[in-house]
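First chain A sits with chain B, and in the next complex the same chain sits with chain C.
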Partner chain A sequence: MWLFLTRVGAMAGKETLHIRRDPLTLWLGLALPLFLLILFGFGISFDLDHIPLAVVDQDNTTESRELRQLFTAGSEFVFAGALDNPDDALDAFAKSQAHAVLTIPEGYAAALSRGENVEVGLILDAADANSAQQALARADAFAQLASAQAAQRRGLDIAGSMPVSARTWTRYNPAGRSALFLVPGVTAYVMALVSVLLTALAVSKEWEQGSMEQLFATPVRRAEIVVGKLLPYLGMGIIQVLLVLVAGTWIFGLPTNGNGLVVALGSLLFMVGMLGQGLLISIVARNQMVASLTAVMTAMLPSMLLSGFMFPVENMPLPLRTLSNMVPARYYIQVLRGTLLKDNGFAELAVPLMLLAAFATLMMVVSTVMFKRKLA
Partner chain B sequence: MSEPLAISVSGLTRSFGDNQALKGIDLTVAAGEIVGLVGPDGAGKTTAIRAIAGLLDADAGEVSVLGLPPDSAQVREDLGLMPQQHSLYGDLSIAENLNFFRQLFGISRKVGRERIDRLLGLTRLTAFVDRPAQALSGGMYKKLALACALLHEPRVLLLDEPTNGVDPVSRRELWALLGEFVGDGMAVLVSTPYMDEAARCHRVGLLHEGRMLTMGAPNTMVQEFDHPVFIVLGGAREHVQAIVQTAPEVRAYSPAGARLRVVVAPDGVPALTDRLRPLGCTLQPARATFEDLFLAHLAEA
Partner chain C sequence: MSAVTAAGPFRWLVQLWAVVVKEVRQTVQDKRIMALIVIAPFLQLVLLGFAIDLDVDQVPTIVVDMDRTPESRHAVAALMADGSLTAVGTAGSPSDADAALDRGDAAVVLIVPEGYARDLARGEPTQVQVLLDGTDPTRSGIAGGAAVRYFGEQGFSLAKQRLAAVAPDVQISAIDVRSRLAYNPSLSTPIYMVPGIAGMLLLIITTIVTAMGLSREREVGTLEQIRVTPLPTAVLMLGKVLPFVAVGLFDVTLALTAGVYIFDVPIRGSMLDFYIVTSLFLLTTVGVGLFLAAVSKTQQQAFVGAFLFILPAILLSGTMTPIHAMPDWMQPMTLLNPLRFYLEAIRAILLKGASLSDVPVQTAALLVYGLLILGFASLLFRKRLD
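This part shows the complex of A and B:
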């Protein structure tokens, strides 16, 4: 036992020296997670925010100006200027001066005062389909609001004229801010990428530089090589999780609900699984180039595309949905979103936690079996 | 009961795909003995050493180290290996590399410090302990690798081309170091492509294309070598070479200064003399060397 600890310590200490001497590894491990968090948090936002709205006001009355103000009063749309003609909309889109054009037809105020239905036009640049859809919903709500105001002005009872008013509200993420939704996803994605990549590189490097031959000729056991090599990267992974969660809280106001133990256990299980996957890749590849490519293909892409990080698993076609069942990041994201946003505990998250544990066990067992103490 | 041989190999065969690297070799090394494995590149030296180190499985044949299978845990405690390729950690310093292997072998800090100090002194690396391995010269790197392989005082030491890419002075130093350790009863198997190093071994095996051509003590082998060796005197070198190249009785030839050195089949001297007479050449007898013997064996293989 004492020898086991000594040799694991020797391996881990040596690996730590490698990491400390290789600035690239350190940067990859510590700066990349933050960089990706900020990139995804701010850059890939599904939020409707400050959409430039051009207005074609053909009515030019107090009522039409009120409607314009109604649209631009919130933070969703900003007034980007007036256009003379709805046909100029495409031009404004092409020049990126506006992403939406509101057209108020002549006779708008008159129709309102007569209590007639009137249609206003909203032309949307749907190149960003996500934002366009949200803008449409928003515009609908504004139109209803404008109708209500017009009815009120004519002295009608609002409740009478509009017996049903639609209202939407979101739970867990009340502002509907996608950053909150994304932070757990980014955490899982970054951990998957960095853990698998760094481990795959670290172990295949031993093969490539020939030191595995020397290691195999010493009394060090395979389990000692594995544990010793993975420990420093586990430590790095723990720092990454803390870093990303702290930064998520600080920059994006991620709520810190839930049981910290569940987060810690889920993170640990997920990381061991990812380290095991990296180890397995390096055992099969024995070459840094192939190992890193395989790591990117098997860890980065599924963790981004099939984990529910960016696209809801429920909306995927059946084959992809089936495939996503095998992506551990999916369960880790469930655990993180469950605890941080919904205050779930062990009881609610038992299934994803067990699946994470199963994946970790599988990876470690398979890679230990595959790791032969032979050069060929 | 007699002590088992340090290394015992019989009928060792190993292929990589279609390439038969070893075609059944036999080999023994006793305690306190340096045995050389001499052969050109691709002869199978590295494969043989890796099989003895337990890093490759044999397709057929027997390998035992200290009477045990080579991949048993006990063998790894008693075996030192210095691989041919760079196998230390380039970004780690001399001291860090040595300390890493000290820990892997479970050597206490106190004992380790004494041994490391002694090995650094012997290899004259003391002044460079903080230098990263990748910044060492070829000779210094090999000496460090040797020190790492000797740290746990192995009973069996395997060296795969330890002097490859090392300058002549460092080569001599490395061999002198080996001599010191063998005095303590260590068994050494060393592979080398250099003929002159063969003479430093107690016994030498000539390995060629996966077969052991001959094996014995280098002095005895040279003494018993029955091929006459000559220096060709006179005649234009290119004309002499043209004849020597095609003469069936010439087993091997090599340049000796401006002249040619030829190894002739035991009964081929009259024929060669006749052939060279028109050029006005005479044959001056020379003492056979290990290289002559080696080249003749390769030619006759």
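This part shows the complex of A and C:
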């Protein structure tokens, strides 16, 4: 046992030295996670925000100007200029000057004062379907509000005595911020990326340069090589998780009321699985270029796309949903969102934790067996 | 060899051809790299196109109907008929429904209060409670919006009816929004995403393949062997870069074809314009690859470097979500990003039928960035070689 530990320690020490001598690896391992957290947290937002809205005001009355102000008072739409004709909308879209055009017809104010129904036009650049869908819902809500205001102006208080209405209460993320939704996903993504990539490269480099054969000539056993090589990266991974979570709390106000033990266990299991996957890739690929591209395809992309990190799994077609069941990042994100945002404990998260443990065991066993066979 | 004996102004062409042939042979020999260049982009586009669907509908909802009257059942059924919400179960009390929200079984709890029908009949205001799981803000926003809109419309028309009963000559106007969805009437997400994914793949593949291909040659030592041949440096670099440009053009064509046939992405503009901006963008990606190959000693460094360029480039480009939704301090950073201009240009050309004259800023930016980056990288690479 003592000898085992000494040899593993020696391997780990050697690997740590490699990492320390390569500033790029260190930078990739420690600074990249923070950098990505900030880029994702601020840069990706599915919220309806600052849609440039051009207005064709054919009525040109106080009422029509009020409608325009109602649309652009919040943060959803910003006024992008006046157009003379709704037919110019497509031209404005093609030049990216506006993404929505509101047309207020002539006679708008007159119709309102007579109590007649009136239609306003909204042309949306629906190329970006997500924004268009939200803009549509928002515009309907504004129109409802404007109707109530018009009635109120004529002394008919409708808004104050609505017979039925709905009131919403939002739990877990009351301010509805994309960042809180994304930070747990970024954590999983960054760890999947960095762990798989670094191990895949570190091991395939030894094959490529022929130093793996030299290692085999030493009394260090195969399993010890594996454990020793992975240990420093595991340490780096733990630092990464801490860094990202602490930064997420400070910068984005991520709540930290969850069960720390569940987070720690989930992180550890996920990381061991990812390191195992990196090892497996390097054993199969044996070449840095192939190893790195394989890591991108099997770890980076699925962890981003099939994990529910940004894109809801429920919307995917069945084959992809099935595939997403095999992506460990999905369960890790479930654990992080569950504990950090929803204050879940072991009881609610037992299934994802068990699946993470199963993946980690599978990866370590398969890669160790493959590693041994490769040399026999 | 003919390359050496060819005379005059065509000599460099022959030499260039020789380098290109060598490079292509070397790449084709490695089947795994070929698979990554040819099959992976296609698979990825299909996978991504299906995976990225932001359309929110059928949000799982638990109904707590504390009124249990025909009126309350009708209201719930009518709200579900809209399609944004779908009932997955009922609960007897709000606290049971709360636990379901904790477990993630449902994302919305709709609570119809006791006395709902009675209050409606008496003309007393009544309020339906909607409890939302806000973990995913887009989903909760749309789900909450659907409920608020439905009951708002109900309230508005009920108020009108009551008013009409009291004072038959007073009319209340309703303002309706008549909307028109340009370019994408079915609100399909892939139509927006496919050009973004094509740009992203182009960036990833051409940058990485260029950077690693060149740094590999340096690492293995064959670059020195080539230096001994009579090839001028310019010809050598051009010959090494051209196959990667061809790879990029091939990949983007493949991605676009898949997008058109599988996801019904429209091609409204001219393909010539599309290839012109694509070529301009390739100047940048190949330039960055060359730069990385020049500054890194190993393939690992080149790869990590490519990564550090690619990730921010993708995130600051509007590939997935629009730039105008970014915070104000972040938006100017996207102006340094050639991918931003490339995506704006190809989305305008493909989806909106724009021509180059509609996107002059984007085209000019791609040209300027491309020439600057490729020029600087060539100088640096040349210096490192000599």
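Just a few scattered comments:
Quick note on the criterion: the second predicted complex is superposed on the first by the 358 of 376 C-alpha atoms of A that agree within 3 Å, B and C clash if a C-alpha of one lies under 4 Å from a C-alpha of the other, contacts with A are read in each partner's own complex, and residues count from 1 in each chain.
Please note the rule applied: a contact is a pair of C-beta atoms (placed from the backbone, for glycine too) under 8 Å apart; a residue touches a chain by one contact, two chains touch by 3 or more.
Predicted, not measured: the structure shown is a model, and the values here were computed from it.
With the two structures aligned on chain A, chain B fits next to chain C without clashing.
Once chain A of one complex is fitted onto chain A of the other, the partner contacts of A:T218 are limited to chain B, with no touch recorded for chain C.
Of the two partner chains, chain C is the only one that A:L341 touches; chain B does not reach it.
In the overlay built on the shared chain, the residue A:G210 is in contact with chain B alone; chain C does not reach it.
An angle of 90 degrees, to the nearest 10, separates chain B from chain C at the C-alpha centre of chain A in the overlay.
In the superposition on chain A, contact of A:Q288 is made with chain C only, not with chain B. By the document's definition of touching, of the two partners only chain C reaches A:S147; chain B does not.
One of chain B and chain C touches more residues of chain A, and that partner is C. Using the contact criterion defined above for the overlaid structures, shared-chain residue A:F79 touches neither chain B nor chain C, since it reaches no partner. Aligning both complexes on chain A leaves chain B and chain C separated at their closest CA atoms by 12 Å. Comparing the two complexes, residues 22 of chain A contact chain B in one case and chain C in the other.
By the touch criterion stated above, chain A contacts chain B in their complex at residues 3, 6-7, 9-10, 13-14, 17-18, 21-22, 209-211, 213-220, 373-376.
Only residues 30, 32-33, 36, 40, 44, 47-48, 50-56, 58, 101-104, 120, 123, 125-142, 144-156, 158-159, 162-163, 170-185, 187-189, 191-192, 204, 208, 212-213, 216, 296, 298-301, 303-305, 307-308, 311-312, 315-316, 320-322, 324-327, 330, 344, 347-348, 351-354, 358-359 of chain C touch chain A when the two sit together in their complex.
Of all residues in chain A, only 22, 24-25, 27-28, 32, 35-36, 39-40, 42-52, 67, 78, 89-90, 93-96, 99, 111-112, 114-134, 136-141, 143-144, 146-148, 150-151, 156, 158, 161-174, 176-178, 180-181, 197, 201, 205, 285, 287-290, 292-294, 296-297, 301, 305-306, 310-312, 314-317, 320, 334, 337-338, 341-344, 348 touch chain C in the complex they form. Interface residues of chain B, counted against chain A in their complex, comprise 16, 50, 53-57, 71, 73, 76-77, 79-81, 83, 85-92, 96, 100-101, 103-106, 148.
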